[in-house]
Amino acid sequence: MADMLQILILGIALGGVYALMGAGLSLVFGVMRIVNLAHPSLIMMGAYVAYWAFKLYGIDPLVILPVAMIILAVTGVLLYKLVFEREAKSATYSEMTVLLTFALAMIFEGGLATAFTNTQRVTSPEYATDAIFLGDIFIPLGQLYAGIVSLILIGGLALFLKYSRFGYAIRATTQNREAAQLLGVNVNLVGLVSFAIGLALAGAAGSLVSFVFSFFPSKHWEWIAVLMSLVVLGGMGSILGTVVAAYLLSIVAAFVGFFFGATWSTLTFFLALFVVLLVRPQGLFGEKPELA
Amino acid sequence: MTKLLEVKNVVAGYGDGPAILNGASIAVQPGKVHCIIGPNGAGKSTLLKAICGMLTIRQGDVTFKGKNLKGLRPDQVLREGICFVPQERALFPKMTVRENLRMGGFSMPDKSTLEKRIDEIEERFPILKERRDQHAGTMSGGQQQTLAMARTMILRPEIVMLDEPSLGLAPKIVQEVFEIMRVMTEDGITVLLVEQNALMGLKHADWGVVLDLGRTLFEGPAAEVLTDPRIQELYLGGKKAA
Amino acid sequence: MAETYENADEIVAARRAYNETLAQAHDKRRVFWFPLTVVLLLLALPALQLVGNYNYLIHIVLYTLCYVTMASGWNIIGGFTGYISLGHNVFFAVGGYFAGMILARYGISTIVMAPIAGLVCAALGYLIGLITLRVRGPSFIISSLALVMIFRIFFENWHFVGGAAGVSLPTNDLSVETAKFPYYYAFLAMAVFAVWASYKIKHSKFGLGLRAISKDEIKAESAGIDTRLYKVLAFAISAFFVGMAGAVWGEYLTYIRPNIFLVILISVNMVLMCIIGGKGTIAGPVIGAVLIVAFNEFFVATLGASAINILATGMIMALTLMFFPLGLVGTLAKHRKLPRILNWD
């Protein structure tokens, strides 16, 4: 029984990190209607920021987290201005822009690999290898902290979206871009800020990833597939859906991993994706089904 | 003839595609209902979109109360005092009627009067009050059109532009829609509408504009446009129409 | 006080003239002599081995022909139908493994097995397409990526095919000078077949339906086109070509391994070649293949390391997508400057 509980807690902690990764992605999709395949590679960038801060200056990843967020947010603003703003006006917006984000992912991966080589990295603050005991249950401290920080950030995002004026504008733009624009929302600005927020969350996720997993530049491909599964399962455009899917799938994957091994654990996400496509293409909370 | 809004020889198109408007002009007078008619592809909707900033104006001028609107974003044009209701009605399907109305007041700098204005609108349009908590996406076409038009009145704009308000609506509902337009003009709002049903549009309007191939062919008092023999033949269905 | 701007007759005349300019005058001048000449030259190329060691050149041309086959195949679902699949290297792998395992166990040449491997992939593509083609746009692209991941894990853990270490394949008994020849001609044949097939498809009712789907699927459906069948067929056909190429590539390389076949770069190359050449055109994939292989060679020669390769590929892709989304052939065609030799449509 204690075993089961432990796995559950592990799943929840991991779910938090995935939820954080997915939330940024979902936010950008909702506002700009593009799937940013470069999101995971930007998470890697955040991870490298945390790594070097730790290795060179001994700064704890949790401390560098806000800095990583800022760096990524600025990157987001630049990317938006240079690339996405003009893309928004093109006719073949959707598919071609997704391919463009794919190209960006390769550029970031290539850049990181060239700069830092393909060596596996991990930051190792004390708590990464510590654990606490709740009775019989063994909880790794690193993952616990990651889970808590994720929850805080996602909660913050939710509050921002629900109660702030700009959050209101974001929600309106997500629901009906044209209507929002005609009612006084500067949708371009909303796009810019949402993109920056989405990337800031990626930066935060990167800092967390740096001590939860070992990473290297091409690891982002694994994340892409996992995150995509979350977004499809949760429903494209629904941040809530992505978050719920993240926790759900992580818990399931944790149990699957326990009973069948790590490989099947990773497979869980991808198989879930296919099942969703078969059974309910719009996902859990998706809007109109993008059915063919 | 004072011109509230003056559109002169506007050239515009979608993205970097060909120009849809090739020198369109209109003179909009305060307090009147203006109806733009013309065949499919003439550029009627495009003209409204160009005025409100959804399309870039490549050449020509749009002057509103002496101010040049060229290059402004839609949200900026809104703040100048021009509202636009597109063909798709631009509602938020997952928000309730009341929330849609509230969203109508998004650009108001001072929110204290917002609730009061929403209440006023609800009083004037009982159907909206009745369904205030209903999701906008579940309403009928006519109700959605009413909501879209009533929503513009929250801001007390100077001009409201409507793109084919009667689209897909039963004749009786269409009458109600034109009634709302009359209510708007009584409030001092100037109406500019695009109508596919030229006869009906011109019958309810004060001023008619005939557009074809992205150019203004003819504009004048609606009654004159309605009875002009050339226009009758080309766009109103022949000499038998009256 | 009314103002008339024009009169009716002028308008009618102007309308006619306007419609004229809108109708895209399709350049019907097609030249068959150019591709035919190229094929003849390629047929003769290996003869160079008689005068010197051109093994590397033969390798490069072979490599390009392999990609021409795959890119042309991909073009059928990606270019004609508009469904961007980033996971087509799955079929490359399945083809490679299928024919490779048969070679390893029964000694039957992959060249002989290639068409059958292609059919296997087509069948697989049909089944996969039934699932993944239920969604459009971004969701489809995502599912294609997930597919690669699934197959990668699958192949890496399947002991029958050697898991992550893969299987080594026997080499042929030919001399050093002529060793590449069978594969060279196999790929040449495949490439010609692929280009010919895409031409035939594009000019068939099927191809017209695919083009309708790529422009507006809903309208195509309401026009009576069985979009589901068409899409899945296109997907299966594209899988056929990629699978065939994969089958022979394994033997050429003399081993089959997950990290050779299932690396994302292969998929990316297929897509990039079509985009840079011109998605949806016939000559596009061919030109794209030549360009990308040329770029690759250039980068490897000047920059060496593989990490920069990814960076460079990404940059080319990004720049092409941002500034030349129609590709070389497409952009030239749009501006009416397409040289006749490149108009294979």
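Which chain is which? They are A, B and C, in the order written, and residues in each are numbered from 1.
Everything that follows uses one rule, which is that contacts are C-beta pairs under 8 Å (C-beta built on N, C-alpha and C of every residue); 3 or more make two chains touch, one makes a residue touch a chain.
What you see is a predicted model, and the numbers here were worked out from it, not measured in a lab.
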Farthest from chain C by Cα centre, which chain is it? Let me know.
B
Where are there more C-beta contacts: A-C or A-B?
A-C
Between chain B and chain C, the Cα-mean centres are separated in Å by 48
For chain A and chain C, let me know how many angstrom lie between their CA-based centres, rounded off.
32
Measuring centre to centre with CA averages, how many angstrom lie between chain A and chain B?
42
By the touch definition above, chain A meets two or more other chains at residues 90
How about chain A: which of its residues touch chain C in the complex?
29, 34-35, 37, 83, 86-87, 90, 92, 94-96, 98-100, 102-111, 113-114, 117-118, 217, 221-222, 224-225, 228-229, 231-232, 236, 263, 266-267, 269-271, 273-274, 277-278, 281, 289-292
What part of chain B is in contact with chain A in the complex they form?
14-15, 17, 52, 54, 73-75, 78-79, 83-86, 88, 90-95, 103-104, 106-107, 151
Listed in rising order, chain C residues that touch chain A in their complex are 82, 84, 86, 131-139, 141-143, 145-146, 148-150, 153, 157, 217, 227-228, 231, 264, 268, 271, 275, 305, 307-315, 317-318, 321-322, 325
In the complex, the residues of chain A that touch chain B are 89-91, 168-169, 172, 175-176, 178-179, 181-188
